[in-house]
Structure formats: C-alpha cells, structure tokens
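Shared between the two complexes below is chain A, which has chain B as its partner in the first and chain C in the second.
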Partner chain A sequence: MRLRPFLVVSSVVLSAALGAQEPAPGVRIGLTYAPGTRPGVYILPMRGAGADSVRGIVARDLDHGDRVAVIAPEGGVVPSGPLNYALYQRLGAAAVLQMTMPGDGSLQVALHELVSSTVRNSQRFVLPQPAFGPGWRLAVHRVADEVERWVTGQQGVAATRVLFVRGGTLWQVDADGENAMPVPGVGAALGPAWHPNGSTIAWTELGDAGSRILMRDLTSGRTAVMSGRAAANLSPAFAPDGAQLAYAAGNDGTDIVVRPLAGDDGAYAITAGRGSTNAQPTFSPDGRRVAFTTSRLGRNEIYISDSDGANPELLTTSGFGDQLYRSDPSWSPDGRTVAFSTQIEGRFQVATIALRDRSVKQHTSEGINEDPSWAPDARHLVFTSNRGGSRQLWVLDTESGRMRQLTRGSVARMAAWGPRLPGAR
Partner chain B sequence: MSPARLSRLLLAPAVLLTAGACFATRADLRIVQGDVLAVRDSVRVSRLAAERRDSLARAATDSALARVVAALATVGDSVVAVRGATQRMDGALREDLHAIRQQLITIQELTGQSQRRIQELRADLESDAVDRTPGAVVPPAAVDTSRGTAAGAPAGPGPAQLYQLGQDQLRRGSNAAARGAFTTLLTQHPSSDLGPDALYGIAESFTAEGNGVRADSVYHLVATRYPQSERAPIALYKRATAYRLVGQTERAQTLYRQIVETYPSSESARLAQGFLTPRRP
Partner chain C sequence: MRRHLPRLALVAFSLLTVACVPKKDPSTSPEALAAAAKAKADSVAAAQVEAARVAEAARAEAAAKAEAAAKAAIAKATADSVARAEVIARAITATRSTFAEMIFFDYDRAELTTESRETLEAKLPILRANAGMRIRIAGHTDERGSDEYNLALGQRRAAAAKRYLVSQGIDESRIDVVSFGEERPMVEGADESAWSQNRRDEFEIVVGGDALRVP
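On to the complex of A and B.
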C-alpha cells in the first residue's frame, strides 16, 4: 500500500511557525503527493474530547477518497485568530479544514479556500452519543464525505458499508475497514446485495433442498423469502428504483427472473436460456438495462439486455477459439462502465469495459482477483484478492490504481458495496 | 362243583389249544417273512431302476434347459450389445445435436456482434467516401446503392453514419438529437435496410423520455411497416411490456400471443411465452 501523503514536518517547528503565523526559517518540508493532480487539504489540529479521533477519521476518509491530498501533521498547535493563508499555500494546500468541538456534542466544520482567502463552506454536524460508537463513527464519516464534496464537487463514500461472506455467512464492514461484524441471524449465505435504501439486503441462503433468496429489513429485522420453488435461486440484485428484485432461478440451468417487490405480480423471466446458465444480474443506474453472466455461448460471458429482456447482446467481445471466462458484472453507478472478472492465463483478474466504445481496461495482475463491486462514487471497486496470502477484500481506485486492504482475519469474499447510508447526503 | 374247580377244568383244554396254534403260526410267519423280504427286494430293485430312469430323464432335461439358457443368454447379450450401441449412437447424436445447436447459437451471437461492427465499419466507409469526394455531391459510385442510398442523393452522411449518430445520441441521452438523426435517415434513405432500426430508435428515444404513448405508436409502426424485420417482434414485445406495466393485461396478452404465433422462433417469442403460461418461479 502507498504511504499516506502526510506532510513530514517537525511538529515543534511547525507549531512555532503556525503559532506565529509566519513560516520559520529552515523548516524542511517533504510532500509525498503530487501537487496539481489533487488539491491539497490541510487539516488543522483541534482540541476537545475525541478530537484526535475525529481528525484522524476525517483525514483517513479523505485520503481513502483519492481525490484530495491530505496534509495532516501530527501534533501542532490549534491556531487562534485569523489563519495565515499564505503559509498554508506554501505548504502545498489549496484549502484548510478547520474543525472545532463546541462541547455540545456537535462538530463545527469550516473549509477555508486559500486562493480566495475566504471561508468557502461552514456547517455544524451533530455527533450522536456515545462517542466512538458505530453511529458516532458513521456521523464523522458523513462529515468527511461532505468535506470531499465541498472540495471536489464529488461526495465521498466513507459513510457506506460493504457486505461480504466470511465463514459461510454474511458480514458487514465500514468502508474504512472498521466495525467488521457478522449480520445477525443469517445462516449459510452467498451473494449479498444492497437495496438502494441502504437498510434492506438480500442474499442467497443455502439449504439441503437447494438455495433460496431472502430479503431482510436491517432496521426491523423482518426477513422474507423472495424466491419460488426452483431448486437453484442465486445472485440477487435490486433495481435502482428499489421496486424490483432480479435473481437467477431454475432447475436445469438458470434464467434471470424479476420480481416486483410490491403488488400481486409474480416473477417473470427476462432471459430465455434454453438450459444455459444466466445469472449475476446488475442493473444500469437508470434501470433500463441489465448486464448478466451467461453460458449461452458455451462459456461464461457478459451480456447486456433491456431490463425486460429484449435486445440481448454480447458485451465482452471475443472471437472463435477464445476460451476466456468472464463473470461477476457490476454496472458502475455513473452508467459508463461495467466491471467484471475475466480469466487471463488461468487466473481471474478485475477489468472494466467502457459501454461507449467497448474498450477493456485490466486493473489487476497480482494474484487472483475477482467479484468486483462498485462504490457509489463510480470510482472505487471492492473485490476479492489473494494477493496478501489469503482471500481478503481490497479496494481499488480505478483512476490511480491505488489499492488498500479492507478486511483482515479469516477469508472474506463476495463483497457488495452498499449505497450511502440513510441520513447521509 | 365249586367255581374254582370248574375254572381249573376249563383252563386246561384252553392252554392246550393255544399252544398248538402257536406252533402252527411260527412256521407260517417264517414263510411270510420270506415273502416280505422278497417283495422288499423287488421294490428296491424297481425303485433303483425308476431312479435311474428319472436321473437319465433329468439329465436330459437339464441338458436341454442348459442349451435353452445358453441360447437365451446369447440372445440377451446380443440385445444388450445392440441396446448399448443404440444408446451410444443416441448419446453421440444428442451430443452432436447439442454441439450443432451450440455452434448455431454462437454463430448467431457472433453474427449479431459482427453486425454491430459491420455497422460501424459501414459508417466509417461512408464517412471516408464523403471525405474523399471533392465538391458537395457524392458520386454514385462512391456509395453502395444496394444499401438504399439513391444515386445522386444529397451530400451528407450515409444511412450507416446517420444510424451510428442516432445510436450515439441515444446512449448520451440526447433523445431529440437521436430522433433527428434517425428521421433524416428515414427521409433521405427511405429504402435503406437500416429503416426498421432507425424507426425502432425513434421509439426508443420516446421511451427514454417517458413518452409511452408516442413510443407505443412508433413501435406499432415498426411492426406494421417492417413486419419481416428482426425489430418487429421486439417492437411488439415492447408494446406488450408497456401495457402489462400499466395493468392492461388483456392487451398485453393479445400482443404476447401475436408474437408467439407470428414470430415463434424469435427471442421475443420465448420471453413472451413466459407471460402466456402460468408464472414461473
């Protein structure tokens, strides 16, 4: 993993410099980020109960967002009075983030734009109690996401969670790798999926008689069986409007069926597989198209069709004699690309295909990498990789190629990156 | 005379009579015993003879049965061999048929993929032809008239270019611009083989705008104006789906039936069939 682009500065010297609001002569500055590619954001020291944690979480979230270069030296003096904008500009920053804790459980956040020497954004955020609990951490993640939006125009994805399979059952983890915990009351599970509301999930439950699709409201704990009597029911996916659930079902091969979540209409097939396997549906953001894996060519390839099944066409191009194997499609939230697993020289790798010109970009090459799932920002992918020795979840920034390990411990796989959680902007 | 004396007087002659009889019976018994032994020997001999005959008969029967069983086994083996051969042949035929079907599907799919590529190449060729042509008018020789472009047609993009342009605009979400390209194609190249696709594209642009009524009317045009095109069953399927989604089940069912009856081998027919039979899982 790449080292965080933190500024390496002598805190004593820097404290003196900031306290005097003038750069001290002889300060040696070592920046590890590339100015110009990402705006530098200087995160000022802050005081108060839990201040270090808040600053650390926000700094890490912004760093994980890969859109800004974080400058957050350890220690330092909390500045009082007007900020010396010129100094921070000389340190490579384009903006300064100032966070204060008034003591009423809230967090006051201001973003100073150095070019205009003004406070560009200011907002008070409520941090729920108890401090450091999952709800408190989520609220701090939302602060980071909002700051990222202020700086770049794009909201971050720190206030999201990832569902995955560990030890044969479902787990979830925060997007920064914290709070990994099993989803209670779930048996043998595969292929989790998030509802767009962020509080409902679906998954494949394995049983002696076959598999079925279950859906659960995480708030109420209410669980419902969504699949019918077919022996195999696999790979659920919600439509972007949350009104339908698609999954693969069948006895001899599988077809993709769509089941409305409201009303009396039953499930209907949108593929006519003729004994082939059609599975792993993923909707386009507008809900009008579906990508899926199919074996109708004799090997697994990715197809796309209208969401009613019309106009199916091969997405991942290949020629006669090409024995590649492609699966696990995930349609990017911006609608421009589909990520998928592709077998290259006998090993799975993560790739994306642009829908405009069908150009393919391979993103991984080290170890076995599969099961990609897009983050809501359409920039980051979570996937399963054995590059660290055992299968774990990793996060890839598709723009820079930067990767970070998301899970540790026993084997983790089949990740599904969820939407921004309720309450987040 | 006392009773005791009388008993003694009568007992004496009785004993004498009984003893005499016994002497006569013992001799006779010896004779009878001899006869019995003779009879027994005779019976034993007869039984042995009978057993020998039975044994011979049984052996003969067993031999005959063994021959029959052997014959039956031979026949059974032949039957098994024939059945095995038949099954192998059947399996091979099934595999061949499956492989052929698979290859056909592959060819169909790749043909579809190639058609898209060919479409792009046609657009490129038309673009090159226009670029190479001095002046404003495209020489008839530079354009493939068999594709529907009339000789002496006004300068400008060919049908493939227009179709490509329309598709690009559709993907971009510029629905009005897409309609413009498709409409130009239909008016300037009315006999182009891309006509059904262009008309279908216009319907798609209305769908993208959420204008279901106009989309339905254009889908209807696709199916009626170009009933032999591949777009016709898809257009009907789109109409049926739209009616189903707004609860007009009867109209949807009618259209689904029409697809199955008119275009039974189409992908749309296979999908439509699912709405005509009891709901699948």
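On to the complex of A and C.
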C-alpha cells in the first residue's frame, strides 16, 4: 500500500474523515509518494520491555532510508483510544506509526494515513529472542523496511549487511553501523562479494604465492576454492541469478572469466586483454550485460559488454587526451546507472553515469572517495572515504547527497553492500 | 801452662814420626791409578751427560721452533682462510644484494624503464650461474586508485620483469610471479616520495639461495 502525499480529494471529504479510522466508502483518497519528497512520519511513544530500543531503531532506520522525515520526539505519552489525526497533521506528519508490544515477543505495527484518517497497514511481527541480540535487531530492521515500503512504495535497506576489509581480513556490519565483527575463519582477504541469496559470499584470498577466489556458505561454513591455476585471481562478482561467478584471472594481465556454479561446464573468459588488466566485473540486474575496468586503452576505463563478452564498448570517457583513470564499477540494482571511482584533480571521487544518456554525476568532492557499492534500493551507495581523517566506510544518498559514516575505528575499505537478508521481504 | 806440657810433647812426637816415614810414587800406586781411572770415567760420564743435556736442549728448542712454526703456519692458514671466507661471503652478499635490487615503475604503468632493464641485466649472470635457482617476483603498487585494480597492476609489473628475464634466456619455469597490490607498502606515506618507492618489483630466491654461486 502506498501513501500519496499530494491531496487529490476535496477538503470536505478530508474534514469528514478526520478522527475516523476508516475512509468513507466509495471515495478515492490518498497521497502519492514522489521522489524528492520526504513525507513526515510521526512515531508514537510505546510501552514494553525494549520498547525504547525498538522505537529508536525503527526511527533511525527510517531516517537512514532518506525517504521520510521522521518525527519522534523524546518522551511523550502513549496514546490510548483513537488518535487525534488533526494534531499530528499540524505537526507536519503525513502518517503516524503506532507500535505496541503485546508481551508475547511480537510487535504489532500499524500505519495511520492522516490524509485519509485510516489505518492503511497493520501487521504483527515476531521478534526472535533473546531481545537485543543480532537476530532481534535484524527483525526490527525488517519492521522498519516494511514500514518504509508502506509509506513510500520502496522497501528500505535496513535489514542488510555490508562486507568490508579491515586489518587485511573480512568484516561485516549491519547497514545501520551496528554489529561490526570479523567474518570467522577468513584469512588475508580482499574484494568481497555477496551472492544474491544473502547467505553466500566470495572474496579474494591473498597469499604469499598469489591470490585465489574463495566462496563460502555462511550458514554451513563450507568454503570452496573457485579459481584456477592462474597466479592472480581477484574481484569476484556473482551474476544476479546466482548461477555464475565472474572474476579476473591471469598471469600477465588479467581477463574476466565466468564460472558456472552448477553443472560440469568450466570457466570461460569473456575478455581478451592481451596483457592488459580486465577486472572488477559487475552485472546488470537482468544478467545480460557486464561492466568492468580495463586498461586496454593504456589507462583505466570502464567498459560495458554483453555478458558473454560480445559488443564491448567504452562506457566512461571524456575529452581527447584524457589520461585520468576510472575504476570500481557497480551496476545499480535498478539497471539505470553505473557507479564508479574517477580521478578528478588528482584525487578519486565517486560518480555515477546514467546508461540512458551517459550523463555523469559527481557525488563527492571532500577528501578521497572511492570503491562505491550499491545498496539494494538503487539509491544509496557505500564507499570508502578519508574525509574523517582515516579511511572509513560512508553511506551516500545519491538523491539528496546526504552522507553518514558507517564504520569507525581501524581502517575500513572495499565495501560490498549485500542483498536483503534471508527472511526479509 | 805447666799443666799442658805433656800434651804438647805428645803432639810433637807424633809429627816427628810422620815426618820420618819414607814417601812412595803417586802415579804408580794402585789407589792413585784407581782414582785416576775413576776420575776419568767420571769425567767421561759427565761429558756424556752434558752432551745429552745439550742435545736434549737442542731437540727441545727445535721442537719448540717447529711447533711455533706450525702454529704460525696454522694461524696464517686460518687467517688466509678467514680472509678468503670473508671475501667469498662479501661476494655472496653482493650477489644477493644485486639479485634483490628492486625495480620501480611510473604511476599506473607496468612498462620497464631503462634503469629497470639495467637492474634486471645485472641479475642475469646470477641466474645463469645458478641453474637450479628458482625465484619469485612480487609486484607492488602505491596506495592510489582502486585496491583491486592495484592487485592486477602489481601482477602486470611482476609479469613485465619476468617477461624480460625470459627474453634474455632464463627458463620461465624458474620464475614465479605474485602481486600484493598496495597491500604491503615499503614506505608509509601519502606523497610522491613514498609512492615512488612503493611502485616496485621485489625479487626473492625461492630455491637455491643457500648454495648461491657467485658468477
């Protein structure tokens, strides 16, 4: 169900509906969410063990989603009886989020649409025990993601995790910056990637004798070597259907190879770099195209080709004689843009290029910013930046330009934003 | 005085008696002959003892000299050996140093410079003199740019050095290449002086380093 911020019915109807819980039958009423707008959502105070934590997590998740304006003042009285919709409208809200904890470990969530004076969505969510544990927090994030979908039609990305490299090995962190921890049993690692199922990962293992691609089922812990005998194997990426793993491999230069994950077919190369670097593949959402970094022109550029390597073409370019380099492509989940790192005035910045008209938008300018990775909502990017003094992960809302720091502590880099985790809608 | 008169008379008589005994020829008396013979024998024995002592002393002196000479010879030989070993050790150290000498690259490039080729040229006699030697070339980059791309760039840099050595006749099976990208900087820093030292190939002897032959 989508809320529509723009009033399309008469104020008479609206007045009649104020204070009511159901819309007048036969009358079309509502709001249309439009990109660039941020409808206000008032989050009511709530009672129960952990209630403040639930309210705080949901409020923060909705705020991080950058699609709604959260109104959640400290304290306040938990309302009893019908809500005074007019009051919340005067506070700038378009909707009111009411969460109650019946005491059975569940969370009852209702979204009141003020313009129609109705409860537009209501759902009971189970919160796994123990309270405040990672599973419990993930369940609360799912609540926030669902509420964002109710309000805007777009599901949030709070119930996701980000893989990254810290101290030479793999770490993961929740999308809100909590629960940062190493992935157990991983040695020297670079360039992590998520399988679309959210429970399998791949990464580059860097050893004294070379690098290879490893893949692990996070549920079972089973790990497999996916690369062949080439000395250099790097930058793994799963196809959107999860049936193939692409990576770069070679002894003198690297080419992109694709390895089916099922069946007896072996890996095959989709580039013929002849000593140049071809790496960092990223698939289009339909799996038919692939973008990658290549040095075949003598400098780094991003190419785009069919997923079998046919029809390669230069994606990023500027004027004749341009010797700047571009790398780290990440194809947006909506298929419309490719994010990448580009060198501007000697420093790397995060930019996106629209596939429709090849227009480029620079998103960063402060410090060094690189290695973007799209969130599943095709709106947020996680990237590495030294703007805070040391290299850390930051999250960028590509629509508003709003940024927040995701990691703190030791250097963090090479982020891969995962899909919505299993169980999330 | 009167009391001593008898004693004096006795002494005088005794002396008179002795003086009146007739004398014999000393050379002909048996006692004299015996004594002479004994003296002669004693003299010979003494001479023999002395001669033996002298001979022994001479032998001891000679032995001491010989020992000293031997010690000196040993010391000299030892010194020579140490000096020779030091020379060899210095030569091996120099050979290792020559072999380990790094080559450096321009930013975002994997092509060998003229200086890099000269550095690689100096390694060729070492590789030829040590046919059983296996080596590993590790490519590195500076911190700028894509971390993953730099891993690939380091590989190209290592491969460029290998390609040159192979072109000069070194069996490619003796050369492994590996890239560490920007992960193992030699110099920490965020300026060109640090970056230029980090854009490098390192050379390591994997097999045959213990018995390195100096070309």
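Points worth noting:
Going forward, the second predicted complex is superposed on the first by the 388 of 425 C-alpha atoms of A that agree within 3 Å, B and C clash if a C-alpha of one lies under 4 Å from a C-alpha of the other, contacts with A are read in each partner's own complex, and residues count from 1 in each chain.
The rule we apply is simple: a residue touches a chain if its C-beta (ideal position, glycine included) is under 8 Å from a C-beta of that chain, and two chains touch if they have at least 3 such contacts.
What you are looking at is a predicted structure, and each value in this text was computed from that prediction instead of being measured.
In the three-chain model built by superposing on chain A, chain B fits alongside chain C with no clash. In the superposed model, A:R229 lies in contact with chain B only, and not with chain C.
Of the two partner chains placed by superposition, A:A354 touches none, neither chain B nor chain C.
Shared-chain residue A:L297: touches chain B; no touch with chain C. In the superposed model, A:A267 lies in contact with chain B only, and not with chain C.
Judged by the touch definition given at the top, the superposed model places A:D308 against chain B, while chain C stays out of reach. When the two complexes are overlaid on their common chain A, residue A:M414 makes contact with chain C while staying clear of chain B. Following the chain A superposition, chain B and chain C show a smallest Cα-Cα distance of 9 angstrom. In the superposition on chain A, the residues of chain A contacting both chain B and chain C are 250. Put simply, chain A touches chain B in their complex at residues 227-230, 233, 249-250, 255, 257, 266-270, 272, 274, 288, 296-298, 308-314, 317, 319-320, 355-356. Interface of chain A with chain C (complex): residues 165, 168, 190-191, 204, 206, 208-211, 231-232, 234-235, 248, 250-254, 275-277, 279-280, 293, 295, 299-300, 325, 327-328, 341, 343, 348, 370-371, 413-414. The residues of chain C lying in touch with chain A in their complex are 108, 136, 144-149, 151-153, 155-156, 159, 162-163, 176-181, 183. Across the interface of their complex, chain A is touched by residues 102, 105-106, 109-110, 112-113, 116, 171, 208, 234, 237-238, 241, 267-268, 270-271, 273-275, 279-281 of chain B.
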